[in-house]
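The two complexes that follow have chain A in common; it is paired with chain B in the first and with chain C in the second.
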Partner chain A sequence: MNGYGGSILRVNLTDNKLTKEPTPPELARDFIGGRGFGIYHLLREVPRGADPLGPENKLIISSGPLSGMLSAGGGKCDWTTKSPLTNGYASASMGGHFTAEMKYAGIDTIILEGISPTPVYLLIDDNKLQLLDASFLWGKGAIDAEVALKNKHGEEFQIAAIGPGGENLVPYACVNHDFGRQAGRGGVGTVMGQKKLKAIVIRGTKSVPVADAQAYRKAGIDLYRACIEAEGHDEWTRYGTTIVTSWCDEVGALPTRNFSAGSFEDGKNIYGPVMRKEIVITDKGCFGCPCPCGKYSRSRRYGTYVEGPEYETIGLMGSNLGIGDIEAVAEANRLADDLGLDSISAGNTIAWAMECYEKGMLTQEDTDGLDLRFGNIEAAFAAIKKIAYREGKLGQLLAQGVKRAAEQIGKGSDKFAIHVKGMEQSAYATHNATAMLLAYMTCDVGAHHNRSWAITYDLQVGRDKVVPEKVARIIWLQNFRPMFDVLGSCRLQWVELGIDRDLYVPLLEAVTGIHRTWEDLEAVGDRIWNLTRMYWVRENPGFGRSWDLPSPRFYEEAPKTGATAGQITNYEDVQCLLDMYYEQRGWDDNGIPTPQTLQKLNIAVQTH
Partner chain B sequence: MRLYVDSAKCSGCRACLVACSLNLFNESNPKKAALNLIGHFPAPGVYEMKVCTQCGNCAAVCPTECIKLNERGAYYVDFAECTLCEACVAECPEDVMYVRVELADAAWKCDLCGDCVQVCGTGALWIAD
Partner chain C sequence: MTATVRPYGILKEYINHQNETQVAAGQTIRQAIQSFRMPPEVVALVLVNDEQQDKDYIIQDGDYIKLLAVIGGG
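And then the complex of A and B:
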């Protein structure tokens, strides 16, 4: 099948059974790839009510038709599972080079099933498939595990591995790959840990068939030239995602001290240019990327290396912890990576604990003696380690995620637990930024930014405006942007360089032989969005409108300092945003897709 | 003319490898490319890229004389005449002369098509005298 590896690899860890089946052409036609494949398999194969950490849950890794191809940024794969953090849909996008090896090994999707009795790793070397003993790796950091497996199998192999956080079932454990790329959010590393699968080692050397090689070459080169010649290419490539840090600080979107403000008085010390000058040693690209945002850094102070920090980690483990020290942020990033924790959820949860500590809701008895004040770098490092090993009272508390931790502590601490649907909010402070707030409220995995990044749009059209056009923009972004995760190519070339998205149309056609416009793709995106919504409905009795509410911090409590001081979105506006959103989506007042909407999208999901 | 690389600018993305395979073999397969990328991670955190300098050592030792000059003045492998003897591989000072019998029926090397330069986003590759 043109543009595809051609097979689904099923790995039953309980029975040590590895089987391949062809990727059905109708699946490729209707769901295309990536997270389209992910939700398809999740809905069909993981029974309703399955325990996310039970043998019935599956971890589904999918590439798309542009993964591994001559597509600018074709390094993306999707990791879908039932989330142990939220009990809903989890889909984490991972860059790097893993997905290319999948495609060239002839595999579109890897479905991990069951639970192994002992720690193992999966070796895929083209058609050679094996589960091998991983007892020598269990307990190792993700980076050490990757080094050990590269040394054992060779430089050509790509590795995805979990750290102790995944082994110890921290519900926001991530999967690490290529010394710094992650499938970060929603606990995909936790599910891998529960399955006792330490790592996947993969190499593919087969050619991927394409419909028209010459047209593919031309369309691919055209896309690359557009990226390379784009006006913003050089500056974006120099700073990567850290290019937005200073802007966020200026406009009040940089999460500061547990999102209590959006500007940080020490912000200048963690801006992109400071990082580039002080610690970056090389650009580090995902597969096929002409504008690599990955920055690889060396810390002289700590004697360590890390990819990053990216903007998200700078926000959550820098300003949000009151830490204005880029080298310390880099080290916190390295700890999170090596220990296998999502740096967004970890940073967010630790910030909540710091606020609890400063307000007297947690004492030194609760923090195992740590002076857990904002800005205490050593305490932040210690907290990260405690979480990964579930060590002491603090580790046990924070290793649940911020929602459950706040439920345990009570005392009104849930008012400043910054999450939606149990997923910790990523690094955009949404005080008086109604589009971005709605994006977080309605994101299909919880409070994550990548489906609909609208903070700049808020500034463009008026951040306090609550109008149908704003809601329509969010819905369009939610239907459109995730299609990059379906195709397997990074969205940042479009977002950051502003290239013409129609450049992907002839490329996709040359690769797959199927002509699809962006309107066609957005229709698939709309369908996937409604399917993921129905997954939440199916898995959570009582799911509805209240699940879409943001943290009260954004409607009850205006920041006292910074660019958004005194600014707030009132509760009526929050509800009004939902009213307009549900109406435009064709969902009922409780946020459930109506039968007519499902029928129009040809969706049949059994929810009872 | 030959291909040059500044490894310090390489981000390890491998776009060049896909473009190379597509031009050389009309196939999408970065394992069938004529550039050699080695990553040194986690420390010291650098990429090392090796490219063909068109030194001609491979052509000089080829017993069937199947490594010939093309219109760009670059050495290329005439696939039909290659016997996979691997004499050229041993002589290549940059490790960019390839024989992988499981992947192709002939040796391969850079023929200076220039597609890798077209897709390199960091300016790590260029062609000059």
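And then the complex of A and C:
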């Protein structure tokens, strides 16, 4: 099958059984790859009501037709599971080089099933497939485990590993790969830990068939050339995602002290150019990327190295913790990576605890003696470690995620637990950015930014405006942007460099032999979006409108300082946004896709 | 006493799709941006002679100023 590895690898960890089956051509036709494959298998194979940490849950890793190919940034794979953090749909996108090796080993999807009785790791060396003893790795940090496995098997193998956070079932544990790339959100590392799977080690040496080799070469080169010649290529490469830090600070979108404000008085110390000057030692790119946005950094103070920090970690482990010190942020990033924690959820949850502490809702007895004030760097480091090991009262509290921690503490702390559907909000403060707020409210994994990102659109049309055009923009982005996670190619070339998305059309056709326009792809995206919504409905009795509400902080409590001081979104506008969104999506007043909508998208049967 | 401003990508729209334009030294970058009717908040990064500056930087004679927009986010 052109553009595909051709097989699904099924790994039953309970029975130590590894089998391959062909990737069905109709699956590739209808769901294309990546997160399309993920939701297809999740709905079909994980039974309704399955415990996310039980043997019935599965972890599904999928490449796409552009993964490992001559696409600008074809290094993406999707990790889908039932989330132990939210009890809903989880899908995390991971860059690096792992997905290319999957394709070259002839594998489109790896489905991990069951629970191993003892710690193991999965070795894939082309057709050689083995589950091997991982007792020598269990307890190691994710980076240390990667080093150990590289030493054992060789540099050419790619490795995805969990850290102690995944082993200890912290519900927002991540998977680490390539010394600093992650499948970060929703607890995919937790599910891997629950399966007692420490790591996957993979190498592939086969080729992937393409429909038209000559057209493939031309389309690939055209795409590369567009990226390299794009204005801003050098600057985006130099600063990566940190280019937006100063801008977010200026417009009041930089999360500060648990999202109580959107501008940070010490923000200038954590801007991208400061980071570049102070700690970055080199650029680091994913597979086939013409604009390597990853930054490899060295902290002289702590004597450590880390890939990053990215903007998200700067926001959540910097300004949101009141820390205006780029070396400290880099070290917090390194700790989170090695311990295997999603730095977004961890930073968000610690910020909530800091606010509780400053308000007297948590005392030093609750924090195991830590002086958990905003800005206390050592306390932040200690909290990260406690979470990963579920150590002490504080570790046990925060290792639940911010929603459950706030439910345990009570005292009104849920008002400033910043999440949607139980997933901690990523690094955009949304006090007065109604499109971005709606993007978080309706994102299909919880409060995550990558499906639709619309703050610039808020600024263009008016931040506080609540109009159908904004809602339409969010829906378009939700249908369009995640298609990069279906194709297996990075979206940042389009996002950051603004290259013409139509350059992907001839490339995809040359690879697969199927002509698809972006309108065709958006239709697939719409279908996937409705399927993921139906997954939430299926798994959570009572799921509906109230699950889409944001943290009250954004409609009850205006920031006192910064660019958005005194600004807030009215609760009536929050509800109005949902009314318009549901209507435009073809969902009922409670946010459930109507039978007519499901029928139109031909997905009614697949949700049963 | 002039400096050169080079807006990238979509920001060119504000200077009639030219690659570069000249501005007077002595004003702030924010003032220069506003003189193009460019909303300051659409500019993500200001580089003056390849060093980041904020929009209140006072333009010096001979400066080369790059303006980058935020396009689609993170």
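A few comments on the model shown:
What we mean here is this: the second predicted complex is superposed on the first by the 604 of 608 C-alpha atoms of A that agree within 3 Å, B and C clash if a C-alpha of one lies under 4 Å from a C-alpha of the other, contacts with A are read in each partner's own complex, and residues count from 1 in each chain.
Quick note on the criterion: a residue touches a chain if its C-beta (ideal position, glycine included) is under 8 Å from a C-beta of that chain, and two chains touch if they have at least 3 such contacts.
Owing to the predicted nature of the structure, the values given are computational and were not obtained by experimental measurement.
After overlaying the two complexes on the shared chain, residue contacts for A:Glu496 are found with chain C alone; chain B is out of touch. Contact with chain B, but none with chain C, is seen for A:Gly288 once the two complexes are overlaid on the shared chain. Counting residues of chain A touched by each partner, chain B versus chain C, the larger count belongs to B.
By the touch criterion stated above, A:Arg217 is placed in contact with chain B alone, chain C being left untouched. Of the two partner chains placed around the shared chain by superposition, chain B is the only one that A:Ile228 touches, whereas chain C remains out of contact. When the two complexes are overlaid on their common chain A, residue A:Ala472 makes contact with neither chain B nor chain C.
Judged by the touch definition given at the top, the superposed model places A:Met69 against chain B, while chain C stays out of reach.
Those residues of chain A lying in contact with chain B across their complex are 68-70, 72, 75, 97, 100, 104, 143, 147, 155-156, 178-179, 204-208, 210, 213-214, 216-217, 220-221, 224-225, 227-228, 233, 237, 281-292, 294, 296, 298, 305. Of all the residues in chain B, the ones that touch chain A in their complex are 8-9, 11-15, 18-19, 21-23, 25-32, 38-39, 41-47, 100, 102-103, 115, 118-122. Across the interface of their complex, chain A is touched by residues 8-10, 39, 41-45, 47, 51-52, 54-55, 66, 68-74 of chain C.
Those residues of chain A lying in contact with chain C across their complex are 230-232, 235-236, 239, 241, 243-244, 246-247, 250-251, 271-273, 310-312, 427, 449-450, 453-456, 459-460, 481, 491, 494-498.
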